[in-house]
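Chains here go by letter, A, B, C and D, matching the order in which they are written, and residues are numbered from 1 within each.
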Amino acid sequence: MSILIDADSRVLVQGITGREGAFHTRQMLDYRTRVVAGVTPGRGGESVEGVPVFDTVRQAVAATGAHVSVIYVPAPFAPDALYEAADAGVGLIVCITEGIPILDMIRVRAYLDQRGVRLIGPNCPGLISPGRSKVGIIPGNICAPGPVGLVSRSGTLTYEVVYELTRVGIGQSTVVGIGGDPILGSDFIDILKLFEADPETRAVVLIGEIGGNDEERAAEFIAAQVSKPVVAFVAGRSAPAGKRMGHAGAIISGGSGTAAEKIAALERAGVPVARHPAEVAEWVGEST
Amino acid sequence: MNLQEYQARDIFARYGLPVPRGEVASTPAEARAVAERLGTRVVVKAQVLVGGRGKAGGVRLADTPQAAEEAARAILGMHIKGLKVRKVLVAEAAEIASEIYLGLVIDRAARRAALMASAEGGVDIEEVARRSPEKIVKVNIHPFLGLRDYQARELAWGIGLEGEIIKDFLRVADGLYRAFIEVDASLAEINPLVNTPQGRFVAVDTKIVLDDNARFRRPQLADLSGEVEENPREAEARQHGLSYVALGGDIGCLVNGAGLAMASMDVIKLYGGEPANFLDVGGGAGADKVATALRLILSDERVSAVLINIFGGITRCDEVARGILEATEEIRPRVPMVTRLVGTNEEEGRRILADADLITAASLAEAAQKAVQLARQRTSSNREESP
Amino acid sequence: MNLQEYQARDIFARYGLPVPRGEVASTPAEARAVAERLGTRVVVKAQVLVGGRGKAGGVRLADTPQAAEEAARAILGMHIKGLKVRKVLVAEAAEIASEIYLGLVIDRAARRAALMASAEGGVDIEEVARRSPEKIVKVNIHPFLGLRDYQARELAWGIGLEGEIIKDFLRVADGLYRAFIEVDASLAEINPLVNTPQGRFVAVDTKIVLDDNARFRRPQLADLSGEVEENPREAEARQHGLSYVALGGDIGCLVNGAGLAMASMDVIKLYGGEPANFLDVGGGAGADKVATALRLILSDERVSAVLINIFGGITRCDEVARGILEATEEIRPRVPMVTRLVGTNEEEGRRILADADLITAASLAEAAQKAVQLARQRTSSNREESP
Amino acid sequence: MSILIDADSRVLVQGITGREGAFHTRQMLDYRTRVVAGVTPGRGGESVEGVPVFDTVRQAVAATGAHVSVIYVPAPFAPDALYEAADAGVGLIVCITEGIPILDMIRVRAYLDQRGVRLIGPNCPGLISPGRSKVGIIPGNICAPGPVGLVSRSGTLTYEVVYELTRVGIGQSTVVGIGGDPILGSDFIDILKLFEADPETRAVVLIGEIGGNDEERAAEFIAAQVSKPVVAFVAGRSAPAGKRMGHAGAIISGGSGTAAEKIAALERAGVPVARHPAEVAEWVGEST
C-alpha cells in the first residue's frame, strides 16, 4: 500500500495544454500513472500525449471517472481551477502552481475544507508512490519502492534526500511534497496521520524549513500519536531573519519560525534531526 | 514587500484611517515647508525599513518649522542599521493619553487572517507576544465573512476599551481590514494607535507588508516598487527572476530550489564556512539564467569560492553546465568553483564541464567541504600576498 | 419590487451589459426626438409591468423618427392587461441572428442564487421550463465564491455557444451577476439576449425584481420608487406599513398575519364568497393601524361585507376593537361587518365592541359563513333597489 | 420528550434590551423557559427582567452555558447576530426577525450549514414545547402538552390551528414555526425528521402556504419516510399569481408555488389536506 495515490488512481491534468502541463503529462505517463483526462477551457476535443482534453472538469470527471486532479495553470487562474475541481467532485487535488496570493489560498482552503476535498500544495512538487503512480513533478528515476514515507515542504531538497535513500537501498512508500507556501492544503500532521495508518510505511522522513510553526506542531503530534520512527531535516539553520528565502513561506519573522526552534521541538519529541541530507539516509537506515 | 511608513499611511488614509496630517520630504528645506504648511508641532521621522529608528535618533519632535528643518538635516543621510536615510516623514505630532497596538497578520496555523490588539502599544509587539502573550487578544477572520463588528468588539473589550471610543475602534478596525484585503497585504499594522486626551484615535505609526504574489492584480500599487531599499544585487536578481538574498560570508552559492539552497548554506556552515548568499535559480532554469546567476555571485568581491549544487529534475544538468561555461568564459573568475550536478542529464552536464577549470563533487557534503577548504586557502593566501 | 424595463436597462448599462442605445419618452414628440438622436431604425416599447406587450401591440418597429412618433402615439395611453401605458422606451433596433435567455433567480430549494440560460430566448422562460426543462441549463452560485468563470462556461457550452462568443458570454454573465448582487435583486434577466449577425450580444429586453427587504441599504435605488404601477389602494397601504393586495371579490378582509389572512380568504371562498382583498395588519398592530386598515377596506366601493379575523398573540384584541370603533364612528359604514376576536385580551375586546353595530362570530368558519351570507343579502337587496 | 427544546434548554436572547426582546423575555420567563442570558452590545452588566445582559454572545455562552439563542434584533443587524451566535458555539438559533434581505440569508445559511448550526426562521414565531419551554413568540396559553407535532410556515394561522387542537383536547409535543421567508434555516423536511424520530409525537400537522415548493418536497419525504399520520393545511387557495401575500416567501411566481399544486402533491402522498383550520383538528382527532 501507499498513501493518497496508487496504481489505480485516475488522474486529471488541469492546464494540460500548457508547456509545463504537457511536459509533465508525458513524464507521468512514462511512469505509468493513469492520466485519463486533461482540461483546458476552449480546447475540448483535442488530445495531449494521447490524453483527451475537455473544456471543464465536470465533463472530464463524467467522461473518465478521474478522482485526482493535478493543477499546472498559472497563479492568476489557479484559484478558479481549484474551485472548479472541488465543485466537480474531485477528491484529491495536487496544486503545483507557484505564486498564488495568500488571501486567495485562505479562501480556497476554507472552501475546500467545507467540501471535504484534500489538497496537496500549492507551490509543491506533488507526490509519488514509487513503482505505482506519480502525480506532479518529482523525478521518478530517483525513487524506489520501499518502506519509508517522506513528507517535505521543499522540492529539490526532497529529491536530494530521496536520492540518498535510494542510493543506500532504502525505498519509499510515498513521497509527498506539501509545498513551500504559508497557506497549505495539507500540513505535516495531515500526512503523518496517513503514514501512521499505512501498514507499508515503517519509518517516516520529515523535511522542514524555516517559517511558521508547522514543524513544531508536527513535533507535538509525533510525540503524542506517531508510533513509527521519524527522522527529520530542517533547512535554514544559517538563514537570516526577515528575509524570504525563495519560498513564500520560508521567512523568519518577528524572531519566530527559526530552524533552531524547530529542531529543538523535534528533538524534544524524540525525532533525530540530521545535519545534512545524506545523514537522513544513514539514520533512517539505522532506524529501520 | 515592505512599504515605507509614509507609503503605508497614504494607503491607510484612503481607507479613512485617522493618520496624522503630514508629508514626506527629501531635503531639510522641504521638511521645513511641510512643517510650515502643517502649522503645528511636528515629528520628523526617518523613512527606513528597520525597527529601532527612535533609539538611533531617527525620530525627532520639532516645535517650529526651523526646528523641523534642523531635525531633517540631522536625520537625512544618517545610517540606521546600515540603511541610509533618504526621506523623512514630517507629520503633525499627536498628544498621547494612551497607546494601543492593532495589526492584521496571516495566522498560518489557523489558515486565516487574524486581527490582533494589545493595550501595550508603541512597543515591539513580538516582544510583548513573547513576554506576556496574555496581553495580546486575537480574532481569526473567516475569509468569506470578513471582519465582523462583533469580532472587533470582542477585541475592544479584550484590551479594556469602554464607552463611545469603541465605535471609533470598530471604524479603525474595519478600515484596516479593508485596506489589508484590497492591497493584498500579508501584514498591516498601526503601532501605536494613539488615544489622545480628547478621546480621538490617531494612527501614529503605520506598517504594511505586501504579498508579492498578488502584485499582478494590484496595478495601483505598481508605483510603490523602486521605493524599497534593498541590496543592489538583490534588486538585480529580482529583475532577472532569481531569488537572491545577500548574506555575510564568502562562499557564493548557486542552487536550484529554495530548500536545497538553504540546505547547501547550512552544510557550508556545518563544515566551518560562511555562505555569501542564498540563490535559487528556480525550477527549469536554462543556460542564460544560470549564467546570469553566476555573474551576479561573482560580482560580489567578498566571494572567495563558489558552490554550485544542482539537483536536476525539471532543471537539466546540461543546461546548467552550458550556463556555467558561458559565464566563466566571459568572466574568467578569479575564485575556485565547486560543482555538484545530479539528476536529469547529469552525464551530459559533466561532459560539458570536463574541460572547464572546475572542481567537481559527488555529494553535497563533499562539495561543501571542498568549497570551505578552497575558500580558506584563498583567504589565507590572500593574507600572505598582502601583508 | 418590479422595475420597468428602462429602469432595469439603465442599471444593467452601469455594469457594462450590452444594452442597445435608447431613452425613455413620455410623449410622441419626445419619442421622435430620441429616434432622431439615435439616427437608426428604432423599436418603440410600452413600459408596463406585465408580459405580453408584443401581442397587445405595445412594441413597434420604426424606420424613421416620424414613424417612431406615430408608434409612440399609438402606444402611449393604451391599456395592456388593465395597465395604462405612460412611458415608452425608444431604443436602437437590433439585428437578430439568434436569441438566448439568461437570468439570475433565487433557487429556494438549493438556497442559492442560480444562473439559468436557454438557447430558446425571447419566449416565456417559464413556458420553456414546463414544456422542455432540458432546454434550460442552470448553475447554483455559492454565495461566498460568487459566479465563477467555469460556471458561466458550463452554461455557455450547455446552450451550444462556441468559439470567441463564449468570452463575451462570460462578460455578460459576470455583469449580470454583479448587478444582481449590488442592487439586491431577487431576479435579473435578459430575455432575449440577442446574438447579432455580426457576432455581438445585445441585451434587448431586461428585467429586474428588487428584494424589498434590502431597500434600506440601497439608497441609490430610492428614486426608483413611485415608478411602479400599482393599485392606488395598494400604494396607500404600503405607505401605512400594511400588507394589502386588491382582489376581485366583494368581501373585505382585515386579518393579522399573512397566513391567517390567506386562510380567511380561502374560507370565504370555501363558503361561496369572493374576497375583495388580502390585508395583513401585521403583528402587534395598535388601534390607529387597525382603523387605517378598516378605512382602506371600506373605501373600496365593491365591498359589500367585511370580515375581521384577529388571533391575538402580540396583537391585543382590545387594541383592535378600539381601532374598529374609531373607524366605524368616523365612517359609519354602509356594509355589514363580522368580527371574530380570539386570544390576548379577547374579553376586553368583545366588551368594547358590544355596543357597536357588529356581528360577532366564535370561529373563522362561522365568521366566514356569516360574511358570505350578509354579502349575498346585500347584493340581492341592492339589485332589488336598483332595477 | 419533545423536539429541539425542552425544560432544560438554556436560552439566550439577542437584542434583549429592545422593546420586542424585553417583552418576549418576560413572556418566556412566565412560561418557565430558562432564559439565562441576554446580549446587547454596549449594555453588558445590565439586566432585563432579572436576566443578565452581556456585550457579546461569546461572553454570555461562557458565563451561562446557553446553547439556544433567540434573535429579536432588527433586520439590518440580524445577519451579524446570526454569525456571532454561530461563532460562539450556539447549537440552535431561532430568528424571529422579519425583513432580512434574501442575499444575506443565503450567506447566513451557507455559513451556518458549514458550522453545523441549526436555525429556525427567520421571520418566524419560534417554537414551543407545551408545558416545558417556549422560545419565540407563540402564545403559551393556547397550547397544551400532548402527542401532536406541528410545523408551519405561518404565525397566527399556526395559533389558529393550535387553538382548535387544544379546544378539542388534543395537546402538542412541539409546535415549530419555520417562517415565511424564501430562504429558511430549517424546512418542513428537517422538522418532519425530528417528529418522526420523537417517540412522544404520534401525529403531525403541517401548515403550508403558497410560494416555493417546500410542501411538494415535504410530500415526497412523507411518502417515503414518515410513518406517522400527517394532516395538512395549505393557505392561499384563493391567492392570485404574481402578488406577494405578506410573507416574503408567499408568492406564486411563474405559475409555480400554487396551493393547488401543493395540495395535490400532499394528497398524492396520502396526506389529507383540510379545507379550513378547524377541520385540521377534527381530522387529527380521527387519526390519533
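We take it that a contact is a pair of C-beta atoms (placed from the backbone, for glycine too) under 8 Å apart; a residue touches a chain by one contact, two chains touch by 3 or more.
As the structure is a prediction and not an experimental result, all values here were calculated from the model.
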How short can a path of touching chains from chain A to chain C be, counted in steps? 1
Taking each chain's centre as the mean of its C-alpha atoms, give the chain farthest from chain A. C
Here the gap between chain B and chain C, centre to centre from mean Cα coordinates and rounded to Å, is 59
Centre-of-Cα separation between chain D and chain A, whole angstrom: 48
Mind checking the centre-to-centre distance between chain A and chain B? Centres are C-alpha means, answer in whole Å. 27
Counting only residues that touch at least 2 other chains, which ones in chain B make the list? 142-144
Would you mind listing the residues of chain A that make contact with two or more other chains? 107, 110
In the complex with chain C, residue positions of chain D that touch it: 23, 75-76, 99-104, 106-107, 109-110, 125, 137-139, 142, 152-160, 163, 180, 182-183, 207, 209-210, 212-214, 217, 233, 235-240, 243-250, 254-256, 259, 275-278
For a test of understanding, state which residues of chain B touch chain A in their complex under the given definition. 106, 108-109, 111-113, 125-126, 129-130, 142-144, 181, 184, 186, 211-214, 216-217, 243, 245, 247, 255-263, 265-270, 275, 278, 280, 283, 311-315, 342-344, 363-365, 368
Complex contact set, residues of chain A against chain C: 41-42, 44, 55-58, 80, 83-84, 87, 107, 110-111
Where on chain B does chain D make contact in their complex? 142, 144-145, 148-151, 153-154, 157, 166
